Amino acid sequence: MADFIQLLIGGVSMGILYGVVAIGFVLLWQTSQTINFAQGEFVMVPMFLMVALHIVLKIPFWPAFILMLVGSAILGYLFERLMVRKLLPGGVLVIVIATLGLSGFLRYGIQIAWTPQTLFFPPLFSTEPIRLSGITFSPEDIWNIVFISVIIVVLHLCIKRTKLGMAMQAVAQGRETAELMGINVRHIIILVFVLNSVLAGTAALFAAPIFFVRYDIGIFLGVKAFVAAIIGGFNQIRGALVGGLTVGLAETFAAAYITTAYRDAFVMILLFIVLLIKPEGMVGIKEEAY
Amino acid sequence: MLRKTLVSISILSLLIFFSSAPAIAAEAVKIGVVIEMTGAAASLGDYWTKGVKFATKEINDAGGILGRPVEYKIFDTQSKPPISVSAVKKALAWGPFALSGPIYSSSTLANMFLSQEAKTPQNVGSENWRISTKGSKYIWRCSTQQGFEVPKLLNFIMSEKKPKAMAMLHVNNDYGIGAMETTKKVLKEKWNTELVAVMATEQKQADYSAELTTVRRKNVDALFIYFLEEEAAIVYRQIRKMGLKLVVFGPNSSISEDSLRLGKAAAEGVYGMSGFEYNAPEPNCARISKWFKKQYKEWPDNEFMKGYNSIYLVKTGIEQTGGFDKVKYSQKMHDIFITPKMQKNICGGNLYYDDVGDLHLWDYLVQVKWDGTHAKPGIVAALPPLKGPDSNKKTIWYEK
Amino acid sequence: MPLLETQKMTKDFYKLRAVNQLDFHVEKGEIVAVIGPNGSGKSTFFNCITHIYSATAGRVFYQGRDVTGLPADKIIRQGIGRTFQLIQLFLEMTVFENMLLSVQEHRGSLLSRLFTKDDSEDIERAHEILEFLHISHLKDELAGNLSYGQQKLLDFGMVLMPRPELVLLDEPTSGVEMEMRERLMDHIRELNKQGQTFVVIEHNMDVVMNLCERIVVLDYGEKIAEGRPEEIQTNQRVIDAYFGVEE
Amino acid sequence: MKRWLFWGVVIAILCALPRFLGDYTLYVVSLTYVYTIVAIGLNLTLGYANQVSLCHASFFGIGAYTMALLLAQGWSFWLILPLSGIFGGLFGAVVGFPALKWKDHYLALITIAVNIITFFVMVQESWLTGGPTGVSGISRPSIGSLSFASDFNYYYLLLVFCILAILASIWIVNSKWGRAFRAIGLNELAARGHGISSFNYKLLAFAVGAFFAGVGGGLFAPLLRYIAPDAFTFFISLEFLIMIVIGGMGRIEGPIIGAIIVVMGPEVLRMAEAAYLIVYSLMLILVMLFMREGLVIVLDRLRKAIPARVGSRE
């Protein structure tokens, strides 16, 4: 039982990170049918930004964090403005290739412009172990889970309750209808892209002490989050979260109870199963056939 | 107009494409550095090339090799074996005297037959034992191969720490699996025991709670980790976060500067072994590490020393044969005992190269110390090589 | 033995019943119209017969054989041709390629299709049909560049290519100009005389009354009437269904 | 007639090429031939039949491992090469089953999953595959006294197979299969409505595409003389995808242009030293932004422009 809870903590703390990155996939897919293969790099770049601001330039934590989010937002804005807007008419594959190019550009850009080395980022919370009847965990795990959960809940509420959120939902339902309702679809889409990259920036802050700051972490995170989004359901924010947690837990439990050698393969097998039984994802809503 | 443009474009592209053809033979001793500049091992490749750069500068400042300057050119393998083949081909087309790199064993295994065919010495940073079984007379290692490193390390742990239950975590690639095979063999043959758990992990894996829970469940008291630098550091952190008390030990990557810089306090107490340590009682390692620290504001990873040595090996070989004959070089550089007297700048003290190009040298057993701001390797002992003239020497203890 | 028969054909979309317990049959040589208000399940019924949709319940018999659950393409290859309500063409291929595609699967084995070229007979027939439909000058044009009416004709032409015994036409005359409509009807009659059987979904009552010998009326997925044109014209349930009871 | 002359000249140039190429450039061109064959396969699956496959590296790998492992058992290269293709093709047909139900990004993801799983099998099942260190010492074939052991001779073997693959793809595309592939890709509903079996042709599209990839793999192993799982990761599948998209999907010339760009591009760009991968990535973005149909349209424009000029002079 102690082991079980231990694994649960490990799995959830990873899964929730995958989940928050996966939400970005969902947001972009819903509002503009964009599959962003550079999503992982949208986490990696803020990591380096944070190191640059906080550790190299020695700016205090909070101002540095705000600046980093601003930087992420600009990245998201440029991404929409310079790339996606022009690429969308070309269809999904064109976007896939172009974002792959973007992913390489950002990755090698950081490597050349800065460093191929992995950089240290200090933990946000204490990592001293706390023992509780056979279970050992650190405040870092718990706080990560709590903070990210809060962010996701706030995001969810914003989308469900605020006027802006409603507008986003309307755009996701259908562009023409949204336009008829008097919503400025362009602005909403830009907003979603900025939101996505800010979210990724926030994820970067929590991921940096755990993964460390390395230029090639984006591929790893991107693929994991993409799988999470599909498993959970591509058209639901909830889906991304459920998917992330499922991936995190599946990895951990499969590694603990079956074999570690096929750790990543298990996630893929899980993906098969989910797609076979419920192609729209675990909590996704069936899309209308058209 | 159009035709003119077309013609000029095609001529231009032809020029670009063929400009990689062999240049007019210069006086220089050319060394093709085939290395991981991008991809998963880019940071290691970065250290390696810095070592190459420094060694080249040092040799040229001192008048070159037999009066000829050293010139190197970098060829990126992207950390991928097929690309490494094209990189070596490209390097060989440049007409080098020798090659330096790559580090990844899978890349070396893919391209080593090329240097063998071209009869061009290749000094690699790979550690997988299979490389030595391929029968190439043109491969030299710049680090101890797993087949010798693992038994040495296990010797120490088994005889000094006397663990009751040992487990192994290894990275799921040629590097980790090669070591796992050797470990199983050595434990069975020499110590008549087995690992209680063997777990393969992924590169870039960030959560090890599954593995460590198993370790805890099986009451493991000695954990052998065979990882690349970043993953090693992540595991140290998690071992600490789970409050596990056990002996953690690993190969040179687990105590190399990159692991310690990232692992910080969590790395404290980890045992590891390396032939090249910046604070080892070996003057050349210490000397070039100081230079590195001054240059780049941090201590070097041991790949820096290996890259450095890869150039000095070429110098040694040429000087020992007295000319630029690669076949003679190959003959001379096997079963050779390189001492500081023979090559005063080479790192690692007495180096012995056996008849398959495996390196045997004194390895330093270190335990990581934490001084509140930095994790440092604390030298515990110097372990003699398993082969060569020094193999009958006794272990030197620095602290016990 | 009827050429085509359905027994208790039922199709649910989630909780909505689109086709309800429909018994239907066509004799060889007939021209039958299926009519009904919008959303009465006519097209869904066609799609269930040809297994574009899996029917929730019920069976389909063609020439006395049970073809329920066979893949759509296999049912088509039994000798049934059909059009769709929304024209389904290969828009990025030429008109002529479209014509040949519609017949290529009806003969030979899968492997032979890698090695054999199109039959000269098929090519001739494609020319003839295009000629008849007055679109032969467009044969090398991409289907996507055709006007709606022309696409409609092409669609019709493609169905005729493999000489199907039974033809299911989903609104063949909508969007087709008057003159061509007459030609189409003549052609259908002509083919019918030669032994081909037609089932037509149609909104244009002129076409229905002139062309068909028997009419089946659907409403909310149920058959509410069946009979000769003049019987249907006076049937009270049909009038209610079309114009609403309250009126 | 003129066209034959043109192709004759092209082939003559390609035959003469090794005399002028260095060892390294020869290898790059040889590699381009191999990748062209695989990209042709993907072009049939994706470009024509519109079935997204992001696991062509798996098919490629299966071909390569078939070759490497059976050669080690002493089988003849000429016997194994068709087997490489057939094994790849059979596996492709199996992978094709999900395509019956899913398309677009779902299918993309499923095939990514297939690629990742096969990669794990290659790494883990070392009793069969040699594990992560792979298989080395792969020999090259010979016919009678004509040995293809040297890079120089093997180049010609690859050239022949590459030309055969191109001709085969032209044949398939112009056959009823090719037409059915395009039909399924363009409008599945219409295809089924005209008796074209989506079951048969989707599986065929995967099988045929995978067959080419398998043959490519079978030729790749002796070229490198060493194979390891690293050469068959999902990222290699992405490279194949990039090849056909950059070259031009659904065009015969597409995969050829694409393979040339993707294999040679980085090598040529190495001029720019460290920055070459940045330049390459940037190029991907720019091509997608400004030349969505792929570089093949450049060729189309040239074709239009050149005869016009020749004509005006006459």
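Residue numbering begins at 1 within each chain, and the chains themselves are lettered A, B, C and D in the order written.
Basically, contacts are C-beta pairs under 8 Å (C-beta built on N, C-alpha and C of every residue); 3 or more make two chains touch, one makes a residue touch a chain.
All figures in this text were calculated on a predicted structure; none of them were measured in a lab.
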Most centrally placed chain, judged by C-alpha centres: D
Reference chain C; chain at largest CA-centroid distance: B
Centre-of-Cα separation between chain C and chain B, whole angstrom: 73
Geometric centre distance via CA averages, chain D-chain A, whole Å: 33
Mean-CA-position distance for chain B and chain A (Å): 35
Residues within chain B bordering two or more other chains: 37-38, 172, 200
Per-residue multi-chain contacts in chain C, two or more chains: none
For chain A, residues that touch 2 or more chains besides their own: 108, 261, 264
Arrangement of touching chains [line / ring / star / complete / other]: other
Pairs of chains in contact (touch as defined earlier), listed by label: A-B, A-D, B-D, C-D
Complex contact set, residues of chain B against chain A: 37-40, 42-43, 45-46, 172, 199-202, 204-211, 213-214, 216-217, 229-230, 233-234, 237, 240-243, 258, 261-262, 264, 266
Complex contacts: residues of chain A adjacent to chain D: 35, 83, 86-87, 90, 92-98, 100-105, 108-109, 112, 219, 223, 226-227, 230, 234, 261-262, 264-265, 268-269, 271-272, 275, 279
In the complex, chain A residues that touch chain B: 3, 6-7, 9-11, 13-14, 108, 111, 115-118, 120, 127, 129, 131, 136-138, 140-141, 210-212, 214-217, 220, 248, 251-256, 260-261, 263-264
Residues on chain D engaged by chain C in the complex (per definition of touch): 172, 175-177, 179-180, 182-183, 186-187, 189-200, 204
Residue ranges of chain D in contact with chain B within the complex: 22-25, 27-28, 31, 123-124, 126, 131-134, 136-137, 224-226, 228, 230-231, 264, 267-268, 270-271, 273-274, 276-277, 302, 305-306, 309
